[in-house]
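Pasting the structures in now, so scroll down.
Each of the next two complexes has chain A plus one other chain: chain B in the first, chain C in the second.
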Partner chain A sequence: MKVTLERGALLKSLSHVHRVVERRNTIPILSNVLLQAKDGALLLRATDLDLEITESVAADVGQAGATTLPAHTLYDIVRKLPEGGQVSLETAGDSGQLLLRSGRSRFNLQSLPESDFPDLTAADLTHRFSLPAADLKKLIDKTQFAISTEETRYYLNGIFMHTTEVDGHMMLRAVATDGHRLARVELPAPAGAAGMPGVIVPRKAVAEVQKLIEDLSAEVVVEMSTTKARFTFGPVVLTSKLIDGTFPDYTRVIPVGNDKRLTVDCAPFAAAVDRVSTISSERGRAVKLALSEGKLTLSVTNPDSGSATEELEVDYDAAPIDIGFNARYLLDITSQLDSDTALFKLADPGSPTVIQDRDGAAALYVLMPMRV
Partner chain B sequence: MPVRRLDPILVDRIAAGEVVERPASAVKELVENALDAGARRVEIVIEQGGRKLIRVVDDGAGMSAADLELAVERHATSKIPDGDLSNIATLGFRGEALPSIASVAHVEIHSRHAESSHGSMIRVEDGRKRPVAPAAHSAGTRIEVRDLFAATPARLKFLKTDRTEAQAVADIIKRLAMAHPQVRFALTGDNLSGLEFSACPQGPEGLLTRISQVLGAEFRDNALEVNAEREGVRLTGFAGLPTYHRANAQAQYFYVNGRPVRDKLLHGALRAAYMDYLPSDRHPALALFVQCDPRIVDVNVHPAKAEVRFRDPGLIRGLIIGALKQTLGEAMHRATTTGGSRTIDTLARRNFGSAPQFGAAPIRPAANWDWRSSPAAPAPFNAGLAEAAQAAFSHMPAADTRAHESAPAPDLLDRPLGAARAQVHDTYILAQTRDGIVLVDQHAAHERLVYERLKREREASGVARQLLLIPIVVDLDSSEVDRVMDNREALADLGLVVESFGPGAVAVSEVPALLKSGDIARLVRDVADTLAENGSATSLERRLDHVLATMACHHSVRAGRRLTGEEMNALLREMEATPGSGQCNHGRPTYVELKLSDVERLFGRK
Partner chain C sequence: MTPALPALCRDCLTPAASGQRRCKACGSPRLLAHAEMNELQLAHIDCDAFYAAVEKRDDPSLRDKAVIIGGGKRGVVSTCCYIARINGVRSAMPMFKALDLCPDAVVILPDMAKYGAVGRQVRAMMHDLTPLVEPLSIDEAFLDLSGTERLHGASPAVTLARFAKCVETEVGISVSVGLSYCKFLAKMASDLDKPRGFAVIGRAEAMAVLEPKSVGAIWGVGKVAEERLRQDGYVTIGDLQRADQTDLFRRYGAEGGRLWRLARGLDDRTVEPEREAKSASAETTFDADISDPETLTRSLFLLSEKVSARLKKGEIAGRTVALKLKTHDFRLRTRARALPQPTQLAVRIFEAARELLNKEAKGERFRLIGVGVSDLCEAADADHGDLVDTRAARDKATEAAVDSLRAKFGGAAVMKGIAFGPPRKPR
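Right, the complex of A and B next:
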């Protein structure tokens, strides 16, 4: 294999793929990135066996071929090379060594045979649709915070994506929950998405997809099967295994009969929650919301350091209610809302509360109260 | 084969299997007989771990010839005079021990009743009784058991080595000796270093002496007297300080009405009481005596009487936990003296034979203090606490190293932890008391104070609970489900709300906010296990405490932080006011005290 390409192009591609590679691996080949030179392009591929990123970059191919190199080492080398240079990669006979040259720098790198590199992509992807990158980003950004990190309920460690019919329109939904709160975002389903299987995209894949969305105006092609999902961003292709589990029937935990409606201005509300929770010493301490007509009183009591209260003028006209929430969770949710006001739908201090944008459109959050 | 009655000797041997399991159990039965006979002196001799010979000589009431004749018969006893099994005041009562032993060994009994003019003897060989014959003997009884289990080779094969069996005998004697301080015990034999416990006076002081004879002299300095009573049940004895902990539960002795028992209920209560002061894999040393009306405890539930059953286990449990917690709390900041005396020993040993150079021997109280690496010592400190080094202090920012610009108020010296004099290595506070020196580990001490404060906070405000959107279903077996559901109120107080979910599972609907991101299913299983073990949710409490302990660690003054004199004194005063501040959350001492007399000894002044 002999290939020459611009340092900047190689660095950009490497920066995409090398993140997948775990720092410590028990299988040596997984520390490596696959390099494949053919047809005027260099293809780079890295995997952790659950997730694979492939990217091809234009290159001057002197001799077609393939090899694998330690991903983090290669990335660090290319990163430290001077800008604007050319990088040439050449395999040196059968020795298993690869010679990397750029300017006056020369590196002899130990490679591993490309035939050992695992192939994740051979799967039948049954559904295919494309959607604007901005939409995909929205689906992820607004739900990601609610993904569970607890390993025992592994089926909650990702975003559940599926299509469903709402008022005669086909919608694409993303849902995440950690058992304390739930986030649900929906968009009109793009053509081809209808009938796709409900899939759980694992947390690591979600984070990588989020980072790969660079150009918000571009289209992202999404392909799905019941076991794998593939996201194509121009030259970059991310393929991920899906979480093999059943997402709980989340529609049952979204209350519909909550009749106490509270409207607050997001920014002052979040600031007030943040302020009063300063007084609590334990992390995740509850903040109490006392609601009466037109008035919301936030309070935190810490027997050792004192108490804090703050009043807000709000739009509320139902019966008075006292309810406690985890301050952190309230802040997480209010920071996700697009509109400058938030609509809370409450029932009682022991039942889930629904939080939405004022217009109640795309995003919906369910939050479980705390007992204090 | 037709059904037939078994030969009486065979019946006896079968029964003997229950009571006499190994030489130690025979020794136990015989010594208990001696104690029931009111002996003041019990001497035991064993050979080959008790296999070849067990001889028990006492100076008790003794037996007449007629007694002897009956004593080796099954179900014959001089105890339970009123025939009421619910009112047993003696150690034995079944009339089983002697015939059982006699059925598997050669037994020879010499005895003289105190009022008889001459003694008698009887011999039983392999269950066959020989006639009673007159014999010379002083008042009391001598029983010799030879060739134990010779008639039951199967049992003989299952015995351990002579050394192990001898050890088991010694263990039994220790257990019995502890409960009878006024009786002199002597045990000799091969494979055994021999025990001799001289008679101690009545009362707590005598008891403490006897416990120290058994557990070692160190126990005396680390013991707290326990004395509590609730609803006619009395708890006495001595509990070891938490810092005086052991790697196993060997040094725990429980007695119910003078009878040594190993009971799950009692051990569970003990763990709960010490939970806050000890890491889970360390065990306190103690000897506790429960005295109660014999009618509220059933001792007839175990062949060797090692277990008992209380009519109201909750009362006993509450009494033990309450009394121990109170005792430990009152002991306040008393840390183990072992640290201090060990320091002295170490220092004394190092100084011996070499030039008496204090500076060469670093102040390192005990081996287990190595975990805290001290920051590099400022050069002047290496010279030790000599006058020259003291002078060097004055070149440093005064407030940082000198506790007091002016002479300390004299009353501070009278406080238990004294007046702070200096901070060494930015880690340890050196304080002076009327009669000694106190070294405080500032991080460990402050960590404990913060931990206690967080716990008070939790008690004041209750455990905040996070409700779950999706209940967590935990599979348990049906008895575990019942146990968990029976304790649901106690669990709810600790923040865990469970609901029944069919016969083989529970659904968790609310969890403690502090543990919300943990593995709840495992927590519930652990809770079910501890409920089975000791009837309370200690694992949940421990988990909550662990979170607090971690927070305490992060919120406390670290080693390496300079403290001013005011800060140091404030820390000492707070330690005095906080129960349990003598050890950190891991059972290590937060301070050691060196008595002036120890220091003087170190310099050869005494």
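Right, the complex of A and C next:
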């Protein structure tokens, strides 16, 4: 293999693919990035066996061929090379050595054969649709924080994506929950999405997709089967295994009869929650919301350090209620809302509360109360 | 002439004079004399060869025989009587070795329920002396007798001697008492004069008593730490007494400071009654090594029920479930998993432990299996369920119903199918 390309182009591609490679690997080949030169392009690919990112970049191919190199080392080398230069990669016979040259720098790198590199390529992706990158970003941004990290309920370790009909319109939904909070966002389903299997995209894939969205106006092609999903961003292709499990029937936990409606101004509300929660030492300490007509009193009591209260004027005219929430969860949700106000629909201190921008908003959040 | 020390006859509890060899009132030679006897308040009480003593009490024919309490077909000596000890038998010794040393010994399987009852009886008697009782195990405890002189109309030393006598007559076993001014030395003292002992270590002689002892005698210094200290030139506690405090601190950190203080008999830990449990667990050693996943799973279920019962009784719950396995070649393996939320339910403990077991039970033979729950909290915080876990309330109600049936009709009244072994093979 002999190939020459711009340092900047190589660095950009490497920065996309090398993140997939775990820093510590028990299987040596998984530390490497696959390099494949042919037809005027260099293809780079990295995988952790669950997730694979492939990118193709224009290159001057002197001799077609393929090899694999340690991904992080290669990335670090290319990163440190001077800007604007050309990088040439050349395998040296059967020695397993690869010579990297740029300007006056020369690196001899130990490679591993291309044939050892695992192939995750999905054969039969049954559904295919495309949507604006901005839409995909919205689906992820607004649900990602609620993804669970607990290993017992592994089927919560991702975003559940599926299509469903709402009032005669086919919608594409993203849902994530860790049991304490649930986030649901929906968009009109793009053509071709209808009938796709409900899939759980794992947390790591979600995070990589999010990072790969650079141009919000571009289109992203999404392909799915029951076991794999693929996202194509121009020259970059991310393929991920899906979580093999059943996402719980989340529709049952979204309350519909909550009749106590509270409207708050998001920014002052979040600032007040943040202020009073300063007093709580432990993570996850509850903040109490005491509601009466037109008035919300936020309070936190920490037996070790003291207490804090703050009053807010709010739009509320139902019966008085005291309810506790995890302060951090409240802040996570309010920071995801698009409008200046947040609508809380409450039932009682022991039941989940619904939080939205307004009735019928695309994003809906459910929050479990805490004992206070 | 040396001034007369306060002294006491441990049999008839009459004050004595320190020079006497026998009590003038009853003729007993068991006289206790010590300068600080009437000032020291902190005691450590330890039952002598507890399990063996209980067995001898219940079967007087064993009185003159060597008795070893230990487990089944294999296993180790858990307690042995003083006759067996003369032959070199020690607790934790493998049974075959003990029987080599002492072939005439009578081996008795432990009856934990019985020992527990006797232990509680002794504990209750301790509580009659002071509320400040800190149990260390079933048969030993620290007692702080400060401020009880007026209540008992006697100094702590007299009260303790009376207590020891009382345990002998009412319970039928003997105890050893250590009396000092701190926990460390009280525990050391109770060991000095065993069995049926009463030893006092006062402030005046604390340094001297400690000086010749091995560093291993210091509380918290185990085999590994002892070896490290030995290599650094600290063989006796005296070596630590002579060491520079800063030096010890530099070498061993905070632990060095602790060693320096304990070596000088400085120990300001107080007696803490009712130490809060940090975990609840149960384990079982098999008669023969087991690799069959089904059998292991069944054991795990029964142990989970046991742990759950303990949690429920204590009105606590835990967030972490741990599985403990010992392989046939004595390697210990523990695996733990954090739960989404705290639980005290057997079914949930079992589910988490079973998942851990499934990853381990792959044909290897195990001699021991155990399950534990830690990271404890109040029961009120447990098993509420969440947005996804909609089963919690039902699981909780089911177990509550089973528990109430068991309370009424006994433990075997309701059992899950998994608790039964495979059907017996027809002959």
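Here, the second predicted complex is superposed on the first by the 369 of 372 C-alpha atoms of A that agree within 3 Å, B and C clash if a C-alpha of one lies under 4 Å from a C-alpha of the other, contacts with A are read in each partner's own complex, and residues count from 1 in each chain.
By definition in this document, contacts are C-beta pairs under 8 Å (C-beta built on N, C-alpha and C of every residue); 3 or more make two chains touch, one makes a residue touch a chain.
Just so you know, these numbers come straight off a predicted model, no measurement behind them.
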item: Partners on chain A (chain B, chain C) - clash or fit; value: clash
item: Chain B versus chain C as contact partner of A:Thr26, first or second or both or neither; value: neither
item: Of chain B and chain C, the chain that contacts the larger number of chain A residues; value: B
item: Partner chain(s) touched by A:Ser217 [first = chain B, second = chain C, both, neither]; value: neither
item: Touching partner for A:Val253 - first (chain B), second (chain C), both, neither; value: both
item: Contacts of A:Ser115 with chain B and chain C, given as first, second, both or neither; value: neither
item: Touched partner set for A:Thr152, first chain B, second chain C, both or neither; value: both
item: Partner chain in contact with A:Ala286 - chain B first, chain C second, else both or neither; value: first
item: Clash-bearing segment of chain B, relative to chain C, as chosen among 59-67, 329-337 or 563-571; value: 329-337
item: Residues of chain A at both interfaces, chain B in one complex, chain C in the other; value: 150-153, 177, 179-182, 248, 253, 352, 366, 368, 371
item: Parts of chain C lying in touch with chain A, wherever the complex brings them together; value: 337-341, 352, 355, 380-381, 386-390
item: Touching residues on chain A, where the partner in the complex is chain B; value: 149-153, 177, 179-182, 248, 253, 281-286, 301-304, 324, 326, 350, 352, 366, 368-372
item: Partner chain C, residues of chain A touching it in the complex; value: 150-153, 156, 177, 179-182, 248, 250, 252-253, 352, 366, 368, 371
item: Residue numbers on chain B that touch chain A, as the complex places them; value: 453-454, 456-457, 460-462, 464-470, 472, 510, 513-514, 516-522, 551, 555
